[in-house]
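Two complexes come next, and they have one chain in common, subunit A, joined by subunit B in the first and subunit C in the second.
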Partner chain A sequence: MKDKPATVFVVDDDEAVRTSLRLLLKSVGLPVETFDSATAFLDQYDGNRAGCLVLDIRMPGMSGLDLQQALNERHSILPIVFITGHGDVPMAVEAMQAGAVDFIQKAFRDQDLIDRINRGLTKDGEMRDALRARDDIRLRIGELTPREREVLDLVTAGKANKVIAGDLNVSQRTVEIHRARVMEKMNANSLAHLVRMVIEAQRED
Partner chain B sequence: MTEPAASPVEPLASLAELELRAVLDAAVDAVVVIDASGTIETFNRAAERLFGYLAAEVLGKNVSMLMPEPHGSRHDAYLGHHLQTGQRKVIGRGREMTARRKDGTLFPVFLSVGRVAAPGTPRFVGLMSDISERRRVENALRRERDRAQAYLDLAEVILLAVDRTGQVTLINRKGSEILGWEERDLLGRDWLETCVPEAQREPARQLHNLVVGDIAAPGQYSEHEVITRGGGRKLVAWRHSPLRDELGTVIGSLSSGEDITERRQAEESLRKSEQLLTDAQAIAGLGNFEIGLDHEHTYWSREMFHLLGLPSLQTPLPLAEFVDRHVHVADRERLEKAWRSMVREGGEMDLGYRLVRADGHLRHVHSLARISTDPQGRRQVTGTIHDVTESQQAQEEIRQAQERMTQFARLSTMGEMAAGLAHEINQPLTAITNYSQALKRMLASAAEQDPEDIELALSQISAQALRAGEVIRRLRSFVKNREARTELIAPGRLITELLALVEPDARLNDIRLTVEMDEPLPDLTCDPVQIQQVLINLVRNAIDATNEAHALDREVLLEVRRHDGDVVISVADHGPGISAEVAAHLGDPFYTTKSSGTGLGIAISRSILRAHGGKLGHRPTPGGGATVFFNLPVISGRDQ
Partner chain C sequence: MLMMSRQRYMHFDPDLPSPVVLVADPDDGVRSSLRDSLATIGVRVRGYRRGADLLGGVESQAACVITELKLEDMTGIELLARLQERGLDLPVILLASDGDVETAVEAMQAGALDFIEKCNYERLLLWHVGRLTERGSLGSVALQA
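Now for the complex of A and B:
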């Protein structure tokens, strides 16, 4: 679903800062979208869109931290770079504990911001790749028959074919056939690979 | 007088008779001899001269013809009584009586009567001398003495004569009155023992000795007290002179004394009150003056000279010269104007000006004066000049201290607001940095650039630089060391400038600052920076209160309302409100409920408002929280 390129979303209530960031990021070839408040961003938020959020930590009404919390509640993976003012260190710490990738203090060197944004975009890409792989595994698990699913669970639990045959009250030969079908459907090249995929599929977030 | 005629009845005369007759005729006194029935037997020459009768006219007649009535007709009875009883009423004694001349006139005589000691019927010899002259002299003397006594008694001084031994020989009525002694009781007493206090007796005695020794100066002066009969004391000023007899020998002393008790007390109390006045003036640095409008008389109290650094023995300066030499040149016109108006309108003058002392030092004085009339009915100016240099300096120091304190509080407030203001300056700086770096990259890039972006970046760089500059300018004008200055300002402008300073702080604390103003509002006469300082304190307190209460309603409402003749500005929050305990200490210097507060904000706000004629108050905000408000009086005529 790479229908849109990774975008830098800028949320800042100060128009001058907002516009200047737009121009700066545009000058380095990054797609930018700007929002003058947290709510304005949240209104059009699409979790599927790749990118990085550049967020002013202090804003009237809904603050940057409030927005971070709202996104966390929606299981957003969008990396956040906070822009903080002088003396906002305690807030920055709070933001980092809540999962922000980084923060930068005003006034900053452009390259420092761009570096942080790029790191955020890379992380976003990685996250999205990992999520896509997990979705793929879950999809394949979903395509297994109930019997194959039972065999998968028992195999990944570390049980030998003979034990599985006994558990399922089938022949050892039948177990071997199901197991081969599972390995094939899951596109696994070893038992260790299969175990890793099952663990990945079971991860939340 | 008439020629003595030879007696017709003297046929035979013995030698003895002749001798007797010669004696009788030579005698100065009148000699009349009568027999026991009062018939005149002998009447000598002197008798003829005295009575105007010739002997022949009276011989053989009754002696009563020589006496006025009723003595004449009673003489026979006197004589009969004597002959019968032998009692002697006149004989051998002599007495004064009145006699009668031939022409009927009466005259005083001294009569001595003798009974002729011969056998047979008794006969009597009367010797008479005219005492008219003696009477006259005696009367004159008596009159003289009475007059002298009257003089003594009339004198309003004590007149006292004392003999050599110190006994009183004379005291006049005034003396008796003052001493409480009757003259007769005092006469003959020892003066010093009776009337002079023991402690002062010795010097008085020595002086008395000098006077009676005739070696004291005439009219020698002394003062000593006397004791009255009632035990009281009086101070008497004496003049002493020796008292001499007709030979010039000093027989005592004569003193005149004046009771100066009251005069001395009055003098003493006058001297004392003058001393007190002089002392009080010196202590207070207050001089007083009288200047006659006719320029006839001028009086300066000693402190006047002292204030001017002049020797106090000098005569007061004429007004023009005083102004010329001792009034600061910049104050002369003001003083002269006030003086003229006082003289013209008969009112009062109340003026502060500067004096230049003789040594060139400057003193601040406060002068009060008014037109009055002196006891001679002349119009004059009376007034005071008070040296207020020290109190003026003290006031100036207090004012400066207050200004420094206000300034300090302003800086401290700014310190507390630093985060918000740093943010306010960081915003444009961040924007400028971003724009310039974007420009740099655009220009370095080979790709085609949007000219609008370049235009935007450039115009925004200057706009944001101005924005930062404006914040700094506001900040500077707020914190810079400045003298208090009153100006006329529209409330709208005052609030706009205030918001530039407090809004960043509100934003930083996620607080909505709402302003509501009545329309229209009159201009305010105030020091805008000081009023803004008050408002910053109130808004910051409101922000802190909101934070403290974790209030859900994060709004601070700033209202500017018209109320009676005032403009009332209030700041309402939804914090915890002001407890009674805090309210009791509100405005105490250094009392604070904040961990980082100076405790000066409200105290200084109060003093600023007091200087503006306004007052700080507080009340609960409906629905919770505190509303703090103050009024500023609108100067009438400035209303719009």
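Now for the complex of A and C:
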């Protein structure tokens, strides 16, 4: 199944803003979907979809900052560009500390907003690539036999074949064979590469 | 905005070596007031008038850097960039006597820990530095959003 193209999701309670942003973004060829409230977005957004969220900070009911927090709790990686009518410094700092990629005040120049959204889309693409690479490593680890898995853990813990052979109560030659299989299945070109992959697979963020 | 409803920062061991915070601010009054307030959580301040002076005396063991946005020889954001260029991973808190949203966003994107307007900054600073040096007990300080 082909993934949907990266989309700009606009959440703003002001219909005039939604309309003008939709026209603006379409004019530069960016797919755009608009939502009139934070809850409407939360109900409809599929967390796997790539893109960038353009989010009004002040909305009745659930605010933009509330939506950011709800998305963070869901471990969303969708980059957020906040737009605000009258922002102040503490509000901007709070949004940025919570992981927003940008924060822009209304009366912005069109090109300025487009540039910031494009930076968000680039960041989203990079993060999704990194996550895919991590999933791929985890998949490969999952395909190891239990014994190969043991050897992987011991090798990446820095133990020598001789020590591993002792730990597992097998011959050194057997360890060498398992180790070669692990390197092959993991597609690792060196021990350092293998260690990096294991560290990457263990990352949780 | 973080607010502390009560101010109790004690519970630190006076025998431990004091953590050091590096401060860059051209205003003698600001440096001395920071020295006094951070002393209440057992943290020493090493003050510098200019960014270059701080860079000359910087050490990686410092708990953090607190810098005014507008220094005489560079901006606080430039100072942050210089520290990063040197591979110094120190948390940097910007203090702005004259800050706006745009500059705050730029500072945060550059990797600042916080950007605080100088009006009423003392409690936020104590909170940050206390946390970074584990001297302000969070358990004793109730935080409200």
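What we mean here is this: the second predicted complex is superposed on the first by the 202 of 205 C-alpha atoms of A that agree within 3 Å, B and C clash if a C-alpha of one lies under 4 Å from a C-alpha of the other, contacts with A are read in each partner's own complex, and residues count from 1 in each chain.
By our rule, contacts are C-beta pairs under 8 Å (C-beta built on N, C-alpha and C of every residue); 3 or more make two chains touch, one makes a residue touch a chain.
Keep in mind that what you see is a predicted model, and the values were worked out from it rather than measured.
Look at A:Arg173: by the touch rule set out above, it reaches neither subunit B nor subunit C.
Between subunit B and subunit C, more residues of subunit A are touched by B.
When the two structures are aligned on the shared chain, A:Lys162 is found in touch with neither subunit B nor subunit C.
In the superposition on chain A, A:Met96 contacts subunit C only, with no contact to subunit B. Contacts of A:Arg74 after superposition: neither subunit B nor subunit C is touched.
Subunit A residues in contact with subunit B (one complex) as well as with subunit C (other complex) are 87. Residues 419, 422-423, 426-435, 437-439, 441-442, 445, 453, 456-457, 460, 463-464, 467, 507-508, 510, 512 of subunit B are the ones that touch subunit A when the two sit in their complex. Those residues of subunit A that touch subunit B in the shared complex are 14, 16-17, 19-21, 23-24, 26-28, 58, 60-61, 63, 85-87, 106-110. Of all residues in subunit A, only 87-90, 92-94, 96-97, 101-105 touch subunit C in the complex they form. Residues of subunit C that touch subunit A in their complex: 1, 96, 99-102, 104-105, 108-109, 114-117.
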